[in-house]
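Each of the next two complexes has chain A plus one more chain, namely chain B in the first and chain C in the second.
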Partner chain A sequence: MTALAVDIRREGLRRALQAGAPVYLLLAALLVAIAVADPGFFEPDRLLAFAKRSAPLVILAAGQYLVIVSGGYDLSVGSLVTVGVVVAAETFNEFPGAPWPAVVALLLAGGALVGLANGLIVAVLRVPSFIATLGMMLILEGAVFYWTQGSPHGSLPEDFRALGRGNAVGSLPWAVVICLAVGTATVLLMRAAFGRTLLATGDNERAAALAGVRVARIRLAVFTLSGLAAAIAAVLVGGFSGISAQAGRGDEFEAITAVVLGGAALGGGAGSVVAAMAGAFSLQALFTLLNLHGVSGALESTVQGLIVIAAVWLGAVNWSRVRRRPATTTPRGEA
Partner chain B sequence: MALLTMTGISKSFFGVPVLADVDLSLAAGEVHAVVGENGAGKSTLMKVLAGVHAPDAGTIEIDGHPVTFGHPSRAQAAGVATIYQELTLLPERTVAENIFLGREPTRHGLIHRAAMDGRTAELLGELAEDSFGPRTPVRTLSVAQQQVVEIVKSLATDARILIMDEPTAALADHEVELLYALVRRLAERGLGILYVSHRLREVFDLSQQITVLKDGRLVTTLRTADTDVDQVVRAMVGRELSAYYPDRATPGEVGRPRLSVNGGRNAKLSGIDLELRAGEVVGVAGLQGSGRTSLARAMFGAGPFTAGEMRVDGAPLRPTAPRQAIHAGIALVTEDRKAEGLALRQTVRDNALLVARATRRKGIAVGDVLERVRLRARGHDQPVRYLSGGNQQKVVIAKWLGMRPKVLIFDEPTRGVDVGAKAAIHDLVRELARDGMAVLIISSELPELIGMSDRVLIMREGSIAGELPAGPSEEDIMRLATGGRTND
Partner chain C sequence: MRRTNLSAVALAAGTLAVASALTSCSSDVPTGEANPGTSTSAAKTGDAQSKFFEQAEYDKQLALRNKTPQGPADRPWEQMFDPQMVQTDKYKKSGGLHLCFSNAGVFNPWRQVGLKNIRAEVSQHKEITEFTVFDGQGKDDKQISDIQELTGKGCDALIVSPNTTATLTPAVTSACGKLPVIVFDRGVDTDCPVTFINPIGGYAYGATAAEFLVQKVKPGGKILALRISPGVDVLENRWSAAKLAFDKAGLKVADVQFTEGDTAKTKSIVADAIQRSGGVDGVWMDAGATSVAAVEAFEDAGRDVPPITGEDQQDFLKVWKDKKLTAIAPTYPTFQWRTPIIAALRILAGQPVPKEWKLPQPTITEQNLGQYYKPNMPPLHYAMCGCENLPGFPQAWGGK
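Let's turn to the complex of A and B:
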């Protein structure tokens, strides 16, 4: 009876951990640490500013999450953000009076198209996604550099930039509204038949195919959505920081780090999208904290490298095994 | 004196005895066949001799000297070589490089290629093999030729005992003849050969002694000259049918044809003609590699027929992907539950709904379906990997019930399932047939096949070798499955 109760409790804990509970603890700890260093951080305006700054990464993490649980990676999203910002700038340069919704629509369509191309390369040509999207990243980077000669010019009009830095109502930034919308949509998607099938496919592609799942279509959909998420992030980044050929640089790795922090299994099949987005907030909070303590921004990628390794290591450790290890006497490889 | 004597060999895996007190002896120049049903322990016995598994008890003597092998390399050094079912050659390297892999002759610290090629040519010459040379890349060789390379490789290590595990499984008929000649030549050279095979015809053609194993025990060792196929088959089977099975279909319960195949063939199958009727459970027997699983996959569109005609409820169907077969109402419970049946980290509910979601079928009451298969689980939201094998299998079946299949194919329906769940699955299979589905069961467990089937199709070498009515004897099935009848 007691053993069963303990068993159930342990099971519940284990499932909670799997659903990404550590990332919420991490996020809470980081926020406390920030509050200690800078008590003013929790004023509504600054908190919202933090959320606004985090929004692009959170959106990228949601897109990356879809790709990772299906069993792949999307390394092209960072350069897709760069392309989005540069294309927006050049479009407004060419057509100064262009209505901003048209430009946003152009970016979204372009992002989805690049994602679809990634999906086709992975699903139809059967190039592993790591290589396919690495290739796409290099293609896009080179294209931007060639097109802009390394320094994009022009400027983005105020109404377009409002999406990234302005407020929707009161002091609620558009970026936060868009981020919430993307998050809600992804959660709903994961609860629908599509999401359940996506997880099953990431878990066991062969079993899914033998159950009639159109695996190739799922791949196409997932990469298209990731490209779309990157385009949305590009709109926000462009608005927030303006034109730069540096915009979006390294974002793909930040997004992957965020998803991994959220406890998603690399190789697919397990993970929660909310935890992945919490992972993005955690990463942003960590950068903020380092900043507050005067750690050079140049070290950001070093820190990120450490935590991505640590997160995957911790995720791979079988905790029940670690705890029982002293009791086992059988040397490995005996079985 | 015997070249090899194995005495009292026992081996268990995870507490399950696989070999119990088995004796075997082999003389130089002798071909000694080892036969038995699937799971009789043949391969394990061979692996003990090859040093892959350490025996729990028993002794092995070579030339009267006791030996213990902690590792396959020790067995090799003692003169035991194995030709496995799957070939283990490196395709991109030459014949000579493969033969001397890991022990290349050297001169001044560099590989002495000329010596390597020369020695290989010599050995090939001894075996009268002239269809390829030492420098031929292995990838250009046929399976039969690769087998010769494997054999030469064992000769190059001065092997004295050669284990051949189902050597003809991958060979065409004319290649089998060449292998016979080769085996005889090797025996003449004084090698002792242990020949493991399902195919009794080969066993009688080649061997001087036959050892029969059943359920991990030695049944008997017979001199080939003093026995016949019937005696060997009786020794291989002959087990009591004790378990309970649900009642078979009455003639009134068997209805219209739901699936038929005429002249179905592909790379692994030929001349497949069969008809599955509503309300009927049809069994498929056959030895490993006889094409049972290929047949199931062909009907399901995963490894499709390339010729012939298939109909489901009268409508022609040529599935080239599982999805098409599923839409036509065909379901397949695969043999390997973990690799092909379930997404182990997903919940019971998500697995049970996988097919319904993939085929956009709405309104499936997952609770009802899981109740129907009598799932015993703490809830439907736990990952399936925590379920017992029997309950996992029930989830796999539940996955298919939502689409109301017309034809339900089970490949090894109760593999890795405990006794209680086994009976529940047997009842369920019969119940589904009574509901009007046509059921096909592939099983390596003859008692199950005999107990469940309204008739049994027996496969051999990719074709249907025969059909037996309800309640056939194991002997009759084995005779057809091994091709024993042609030995006259």
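Let's turn to the complex of A and C:
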């Protein structure tokens, strides 16, 4: 009986780990550390400002989560963000006075299209997603540089920038509203049948295919959604900080780090989208904390690298312990 | 927030080994709006006076700020401080001229404006029948092979804007043996070029910005210093001169942060700094590309923008004028891109040129802001281009 109780407890632990409980603890710990370093951080305005600047990464993490949980990676999102910002600026440069909703629509369509191209390369040409999206990243980076020569033209008008910079009502930033909307949509998507097929595909593509999942369609869908998320992030980043030819640099690794922090298994099949988004907040909180303590920007990459390795390692350790030990202590195998 | 990508970190690690060799020759080598990722130097922050600091060069630059250069005041790109002329009779040549230019790259707006300047300057001179430009794309190895190739192309003179100092020196040295070489912007570790063209330098830049804050910020006020990245010689020079000025005046540097030239990161850093430790009374920046982001951070936090320093990019000048900021903009003028062509023509005509052609380094202040702010120019255009009378202005520079 005790063995069973332990089993149940372990099963509970395993579920909790899978659902990303550690990331909430981490986020809480980071917020406490920030509060110690800077007590004013928790004033509503500053907290909202923090959420506002985290929003693009949270949205990217949501998109990246869909790709990772179904067994892939999307390395092209960072350069897609840069392309989005540059295209917006060049569009306003070519057509001064263009209505901002049209430009936003153009960006979203373009992002989805690039995502669809990623999906086609992965699903139809059967190029592994890591390589396919790495190639797309290089293609986009090169194209931006070729186009702008490192110095984009034009500027972003205030009404376009309001989405990333301004407030919807009172002191509630648009970016937070958009972030909540994207988060809610992703959660609903994961709760629907689509979400289960995603997990099934990521867990075992062949089994899922045999069970009737149209794997190719799933791939097209997740990469398109990830491209769309990158386009939304581009609108917010461009709004927040204006035009830059390096707007999305490194965002792909931040998004992957966030998803991993949220406990999603690399290679797919497990993880929670809310935890992934909490991972994005944790990463941003960590960067804020490093800033508060005056740690040089260069070290941020180092810290990020350590986190990715540690998070994946911890995930692996917990998984194997919880799974194997019952197998050796109780002859009947896993619960 | 974004950071340098992994390859840049690897590059920095790899260059540590040669860093000590570089630092000894760094102070007279301004890099302007250098892409920090492509500049070799030691990875070291500039707290205390760093090994980048050279007292003699510092004193020289600060003194030059108050001197009047020789030459026409309305054509600062032809002016020079304390010239020591060298004879160039042996390079005299008649007939159509073929000039060649090995450019480090055009990886930032500063270099974009500069490249337009040099091309426009060439188009003014009928005697230049051919102008060959090779783009080093910010890579030392590419530029080394560019220089080697150009020396065999029948050029009458070779202009070089080196990507990095030490690595490009052997290539420049070997080119010197074949044709007259003109180096500008960043330097090389050899005096074999006929002339080396550069403005006053980083110490003067940093000191001018800092002294403005010393005037405008109340004693004991808190300064936020925003730097692009550690270890780039000219940026270290700008900062070390600024720190000296702050220390001397008793202003407290509350924080020194690295922005990596990233606007989003700058905004986050400034937003955090505003809220922390009783606010910010002045902002010093080692380069102007992210000044607007810093200004916006104050606006978004609902605070008044304190005295701030920037550079001569139009977006900053616009914000400065529109919001009536208390600001100053030292410059690293892009008009220096015109000078190499003028120098080449003088050399090939057998006229003397200065061994080191020290150009003035004007500062934009509240008094002359109206003269430099041009609403018809694009936001990333550098005002100190000296390009207003060049053919194709303003369209070729993206203006209307």
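Convention: the second predicted complex is superposed on the first by the 311 of 335 C-alpha atoms of A that agree within 3 Å, B and C clash if a C-alpha of one lies under 4 Å from a C-alpha of the other, contacts with A are read in each partner's own complex, and residues count from 1 in each chain.
The rule is simple: a contact is a pair of C-beta atoms (placed from the backbone, for glycine too) under 8 Å apart; a residue touches a chain by one contact, two chains touch by 3 or more.
Quick caveat, the model's predicted, so the values are computed rather than measured.
Novice: Determine, for the superposed arrangement built on chain A, whether chain B and chain C clash or fit.
Specialist: fit
Novice: Taking CA centres after the superposition, what's the angle at chain A between the directions to chain B and chain C, given in steps of 10 degrees?
Specialist: 130
Novice: Contacts for A:Thr184 in the overlay, against chain B (first) and chain C (second): which applies, first, second, both or neither?
Specialist: Neither partner.
Novice: A:Gly250 contacts which: chain B (first), chain C (second), both, neither?
Specialist: Touch status of A:Gly250: second partner only.
Novice: Check whether A:Asn291 is in contact with chain B, with chain C, with both or with neither, and answer first, second, both or neither.
Specialist: second
Novice: Give one of first, second, both or neither to describe whether A:His153 is in contact with chain B, with chain C, with both, or with none.
Specialist: second
Novice: Report the partner of chain A that touches more of its residues: chain B or chain C.
Specialist: C
Novice: Considering only touches as defined above, state whether A:Gly242 meets chain B (first), chain C (second), both or neither.
Specialist: Second partner only, chain C.
Novice: After the superposition, what is the least C-alpha distance between chain B and chain C in whole angstrom?
Specialist: Value for chain B versus chain C, nearest C-alpha atoms: 34 Å.
Novice: For chain A, which residues count as touching chain C in their complex?
Specialist: Listed in rising order, the residues are 38, 40-41, 46, 49, 53, 93, 149-155, 165, 237, 240-244, 246-251, 254, 284, 287-288, 291-292, 294, 296-298, 300-301, 304.
Novice: Under the stated contact criterion, what part of chain B meets chain A in this complex?
Specialist: 300, 302, 322-323, 326-327, 332, 334, 339-346, 350-351, 353-355, 357-360, 382, 399
Novice: Residue numbers of chain A touching chain B in their complex, please.
Specialist: Residues of chain A touching chain B: 11, 193, 196-197, 199-201, 203-204, 206-214, 265, 269-270.
Novice: Can you check the complex and tell me which residues of chain C touch chain A?
Specialist: That would be residues 1-6, 9, 12, 35, 43, 45, 105-109, 111-112, 229-230, 255-269, 271-272, 275-276, 292-293, 296, 300-301, 315, 378-380, 398 of chain C.
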